[in-house]
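Chain IDs A, B, C, D and E follow the sequence of writing; residue 1 opens each chain.
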Amino acid sequence: MLEINNVSKIFPGQRKGLFGHTEGFKALDDVSLRVRKGKSFGLVGESGSGKTTLTRCILRLETLTSGNILYEGADIGKLTSTEMRRLRARLQIVFQDPYASLDPRMTIHDIIAEPLVIHRDIVPMTARQRTERVLELLLQVGLREEHLFRYPHEFSGGQRQRIGIARALAAKPEFLILDEPTSALDVSVQADVLNLLHRLQEELGLTYFFISHDLGVIRYICDEVAVIYRGKLVESGPVEDIFERPANEYTRMLLDAMPDPDPDRSPFRQKVSA
Amino acid sequence: MILYTLRRLVLLIPMLIGLTMIVFAIARLLPGDPVALAAGPNATPDVIESVRQEFGLDKSLPLQYWAYVTGLVQGDWGVSIFTRRPVFEDIMTFLPATLELVAAAMLIAIVLGIPLGLAAAVYRNGLVDYLTRTVALGGIAMPRFFLGLLLQLMFVSWLDILPLSGRFPLIEIPPEGPTGFYTIDSILAGDWYSLSIALQHLALPAFAMSLSPLATIMRMMRASTIEVLQQDFVMTERALGISNTKILFKYVLKNAMTSTLTVIGLYVSWLLGGTVLVETVFDWPGLGLYATQAILSQDFMPVIGVTLVIAMIYLVTMLIVDLLYGVFNPRVRYT
Amino acid sequence: MTTTPVTLPKRDQSARLENWSRAFYRFRQSWLSVIGLAIVVALVLVALFAPFIVPHPEHVAGGTNTSARFMAPGADYWFGTNALGQDVFSLVLVGSQVSLFSGLAVVVIAIVVGGVIGAIAGYFGGWIDEILMRITDLLLTIPSLILAMAVAAALGTGVTNMIIAIAITWWPAYARLVRGEVIGKKEEQFITASKALGAGWPRILGRHILPNIMSPIIVKASLDMGFAVLTVASLGFVGIGVKAPTPEWGTLLSVARADMPDYWWTAVFPGCAIFLAVLAFNLLGDGLRDVMDPKARR
Amino acid sequence: AGRKILIMASSVDIPNFDPHVATGYAPAMLFRNTYDALVRVVGTPPEVKPGLAVSWTVSEDQKHYEFKLDPTAKFQDGSPVTAESVVYSFKRIVKLKRGPSWMMAGIVDADSVKAVDAQTVAFDLKAPFAPFLQVLPWMFIVNQAVVEANIGGDDGQAYLMKNTAGSGPFKMGRVAPGNLYEFIRVKDDWHQGGGNLEGAIWKIVREASTERMMLQRKEANIALELYAEDMAALKDNPAVVSVIEPEYRTFSIKMNTAKGPLADKNLRKAISYAFNYQSMLDAAGPAELMVGPLPTGIFGHDPSLTVYRHDMEKAKEYLAKSEYKDGGIKLSVMHATGYENQRRWSLLLLEALKSLNIELDIRPATWPDTVAAAQSPDTMPSFMCLFQTANYADPDNVAFAAYHSSRNGQWQNPVYKNEEVDKLIEAARIEIDQTKRAELYKKFQELVIDDAPDIFGVLEKRKLGFGANVKNFVFTPVAANAIELLPLSLD
Amino acid sequence: MTLLEIKNLNLSMRSFEGETQILHGIDLTVERGQIWGMVGETGSGKSLTGLSVSRLIPPATGRYLAGSIAFEGRDVLKASEKDMRTLRGRKIGMIFQDPTTNLNPVFRIGTQLVDVALHAGHADPTVLGLEPGASSRDLKKAAKRVSVEMLDKVGIPKAADRIHDYPHQFSGGMKQRVLIAMAMIGKPDLLIADEPTTALDVSVQAQILKLIHELVAERNIGVLMITHNLGVVAQICSHVAVMYRGRILESGPVTDVLKRPSHVYTQALLNSIPTAHTRRGELRGLGGVMPEVQ
């Protein structure tokens, strides 16, 4: 469904002297991967390794330095702006920071309805129908009617995250990018969100591109996983393979550093009691 | 940083060229004809015509501009059509007075404004806050010429502790020196009597002029201090036992200075361009009066000259402010 | 996926109301702001109804009564009379119209022009930004009073021209402010989010960025209202303000300055009116800043 | 405090020191004290007194004058004042065609002046000119040697702009343009008598209220531009002597008789009747109303003339006769920016016009705009507020400058033109017989009043404030604030 | 003596809606050598409890309704501001959650470290390895030396050079370590760490946990660590307290609480962690289990 071929992204350096530039920063280095329809694809890696940058590239919010990205065979970089707009109706994203990605001066209703307004040529609806659709989404993600006209700051982190998901679902997309959707939540709220995502996938047949620091979460939700390190893809494959038989040194290090919730397996424990 | 400064200085040139063009256009497109007036009452048409030629005002606008700019490059700022004095010379006699006034006003504003702003922020919504804000707002809210008149009435007519107007007593010889600032020149000459006299004359106009920047600096300082005080690192500093005074005067002040700096920079130009009213009331022989006189009599060259000088001072001030940003904020890189 | 029939909720006014009450709570935190608001409201009412309530409407239209020159304030003339025997109270009351109206007009023009230019420069960046900002800088470097005087000299005196003159010198400040805010905001996540949803630039600028940068603009505008009244007064002082006989505070004051201190009332009352108006707008601005500042913790 | 330095506070700058170029009362003050003319005028009415010339003779036909110079007279560089220098000065005035040259235009030209001997100068006028002696005090004599040494390409204009080359009792000290000018008493001066002044300072002060305060605080000895309100405030101050004297300075509102509605004489008359002269007088402070075009008290003025006074019936009557029976038009008036009295009178005009159902647009204008607007009937507004000061105490000054059609385009008479009036002015100018001359001026006044080209306004009295310690001041109604320093003393 | 003893702490916070009680009778005792983990729902009052120990909640916003906080026997809530200053930094070190915002951006790392070291040194020169009564010049020198040593200890390479850098020149993990160094430079007896590893990836997180653990082992100090990562708690803490809506639901040795949770909420939390064996769609979450609080 989504093909990423040899993508590189170099951020230009800062201006130096009268004309010169410092050397650019290579955020993505020859990354290739494939996401299959109806499945969840996980991406893990060190912070600052280029995960978010990759999602921005997919949405054409950054221009690629080299390589191409095909969505259902069409090169995203070559689409006209109208085609791109059409595509964006089908390809939605939930951003890393739930709060920052919601306009603080819009009501929840307006926020969730925004894709419907933008794409009213694709999904023609009256204002009334839109409100109905928003309400339906709201209930789906586990929020309630009375939240409709509140503002983002009146919600807790978990609720905001769910608003972001509702917005992403509004125009009935087929492909969802989730950038650390649970990083700010405590485990119980995180569990609710993960369950919702799973239910939606089963009901609507969505495809997920899932980014997280939490390897447990990746393992739980994804079918395939890729590990990225300093802009380079170091390893990818089915979840079980990577977690049970990591081939790469960095992957192994990550897995080792994963804190285990079982106190008996703590590396420090013996010393403390000793 | 040197490279950065150089580049900024190089960039000044196109700015100044643009500036001369705009000002020239403004000045020359004004209706009214100063020539008839300059030639004097009862001048015959041929005299008027000869004056017109003398000042090259019979030529086309681009030609006049070209003549002006070529003159400017050679240090010739043109001649006033009324006084026929060279504009540059005139500006140089008036500029020190104005600069001294502006500098004194800014000094008062900064020296009082920053601590008061800090205090208002620390005692937010308390007595100190209300007091300083009310006083400062009072300062802003008073038209400057009216304030000047009231100050004169109070300190001169009633209390009789300060001189009425001017820079120096008429029948005494003001101190001479390289800066043209009477205060600094008398310090340089070690002439304490002149210094005290000069300061007495400076007090009222500088105070009248300082109120509005004082209030703005104070409020800016208050706002940014409040913001900085809410930053997490202040909590950390407190948690690690650093004393409140040290936090305020060392750690918070430097953070809060950035936005205040911008205001200070902007005010320098604002004051320079707006000294007229205070200069009128206090008969301060400065650039503002010179410029107003020139504008009212449509004397082009002085208007253009004054504008250029003020613009240059503004641009240089902004450069200094930008460089100071770097001192206060290490994240600013000179690139 | 099931589509359950839904009933539309009534617009939940309580949430909005709560927002307002929250804002008002923050506003009330400082009684100075409340005073400011009260004075502003009072001034606006006076400006609206002045022509109907002044005791001597004929003086406002330029009528004179030289047999009653320089009467001290008293029962007949609350603020006394001036050199032409005109009722200072009437003049000051009606003077509020020009002062407030021109202040408002200046600020609105400056915001619209400066806002559009600043928003475009900030949003698009690159050479558009470069060109627009250099023009703005140029105008900033020209002393505003000189520019205003030149404009007034070019277009002649009168309220409209004076407003244009001041607005020309004021919009660059707004352009800079708006540009800075837009640049800050356009990198925000929710803007990117909206872009990712497929929104075009007019929607992003108009629907997302502008509402989010309104608070510094409104705050500056309310403060500038005060300054505009002062600037109008200053132009009146150098003689390029409003045309006679229209009363305007600055002109009233500057004309009366020669009457001090013997006939103090001719100067003091317009002076107080200016003082009050500027003070009120500044207090209001401070209050608004507190209301709009999302970082204000209380 | 022991030094006898007199301080004059004035709002007017002295941009040019050249006595043959500059005009205005501030330069005139400078010339009167640093230069000498052949004669001086003193007192009320102004009397001609010896200056450089100790005596003079006039021929029967009043065309030939001979002046004997004071042999002791010497320039500030020590050289004697010779007939040569006098001739040189007059030639320079005529050549430059600026400054005071207009006063003797057509009367004196380059070959009219001759040096008879070192101490005698002879004038042969082109036509008899009654006010000739009144004009001479404004023709200052420059030091030929000094000017020639700095002649440049412009007859020494560049040099004399910033330097003086005269024989007067004072020389320039500190010069700070826009701020102050200092005068220093010349040592071993040839002038006889005189007060105890060691020097004087002309201080530029922008605000009348500051001038007043300076006077009150004894920071100034003389304040030159005071308002009526200031005079009221100073009235009871024992340290201040107020001088309020009539002078030959008229204020009138000129009408555009050439173009627009005001070309209609009946409308002009209607307006002249509608105007409230009493209010004008009230608002003016110490002043008297003008009676006709000439200032009261000047030779030839007829105080018994019937002039326009506020009379609404007559105003309505004339309005009915005019083309604008019901008013309904809009006129404009221009007044000088910052002149408070002019603004007040414009308001009175507005009121008068309103009673005729005419609107008025009041336009404060800078002086260059006013001068430029006066250049043609097309640019001239309906009304123009103007002060005119007599430079010499003769009706010819006012009559010629303000009503002769050859002056059209000049601010003193932008548009008014009446051939009969022109003829009268010309005839009176060269008439030698004083009674006949008075007769001619009477006719002139009647004609002009009937034409109503102006709203004849007020003669504002000159308002000067003196410190009580200033002695020996004698008021002269021409250029009254161009103070002559020589006779003054400070206690 | 007990290091820290919080008894029946009740705190209310004022906001525009009025005053709301946030903490309802918190009881907690930290002894030397113990590492306490504090977990719980967002907004349950973990951070405010931590701040209360140093009394850093502004009196204008927070009000203590009841209870006491005894640090080495002294009641912190009743101490004078001056006494508090001797405690802060010197006896109680604090690490805040976000490394970027908690370092002053316009001062060098060194300046900030040295100031803290000086503060501690003034109170007790031995902290800096000096004799009591050392001159202020010596103090300054020593403060600088100790700062470099400390940076070195938290694993910043070339500490003597990096001390002249500004915070923005450090990566997130490094800044976190600077904060830890600042908290430890005064050799405090109690370290309060508020979510010190959120926002770091697992490998950096592991490094920091190791460092804290070593310190406890070396100096026998007490630690109160606030986090919502149960894995972290399980690894490093000796004791844990579970908070919910301003109350401590249960507390005790880590092995007891995590292995045999007595409270439904704790159980629900543990069930919320996906493990290698959790089948997709079967993560339990709170699942409607809401502990009743009045």
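Assume a contact is a pair of C-beta atoms (placed from the backbone, for glycine too) under 8 Å apart; a residue touches a chain by one contact, two chains touch by 3 or more.
All of these numbers come straight from a predicted model, not from anything done at the bench.
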{"item": "Winner on C-beta contact pairs when A-C is weighed against B-C", "value": "B-C"}
{"item": "Of all other chains, the one whose Cα centre sits farthest from chain E", "value": "D"}
{"item": "Distance between the centres, which are taken as Cα means, of chain E and chain D, whole angstrom", "value": "89"}
{"item": "Separation of mean Cα positions, chain B and chain A [Å, integer]", "value": "54"}
{"item": "Computed distance of Cα centres, chain D from chain B, in Å", "value": "39"}
{"item": "Multi-partner residues of chain C (each touching 2 or more other chains)", "value": "153, 239, 257, 260-261, 297"}
{"item": "Per-residue multi-chain contacts in chain D, two or more chains", "value": "207, 209, 337, 366"}
{"item": "Touch list for chain A against partner chain E, complex", "value": "45-48, 156-158, 183, 185-192, 194-195, 198-199, 202, 213, 215-217, 219-221, 243, 253-254, 257-269, 271-272"}
{"item": "Touching residues (chain side chain C, partner chain B) in the complex", "value": "29-30, 32, 134, 137-138, 140-147, 149-151, 153-154, 226-227, 230, 233-234, 237-239, 250, 253-254, 257, 260-261, 267, 271, 274-279, 282-283, 286, 289, 295, 297"}
{"item": "Chain C partner contacts - residues on chain B that touch it in the complex", "value": "15, 18-19, 22-23, 26-27, 29-32, 125, 130, 133-134, 137-138, 140-146, 149, 153, 157, 219, 223, 227, 230, 269-270, 272-274, 276-277, 291-292, 295-296, 298, 303, 306-307, 310-311, 314-315"}
{"item": "Interface residues, chain C side, partner chain A - complex", "value": "1, 3-4, 6, 8-9, 11-12, 15-16, 19, 188-190, 192-200, 203, 208, 211-212, 294"}
{"item": "List of chain C residues in touch with chain D within their complex", "value": "61-64, 66-67, 69, 83-85, 153, 156-157, 239-240, 243-245, 255, 257-263"}
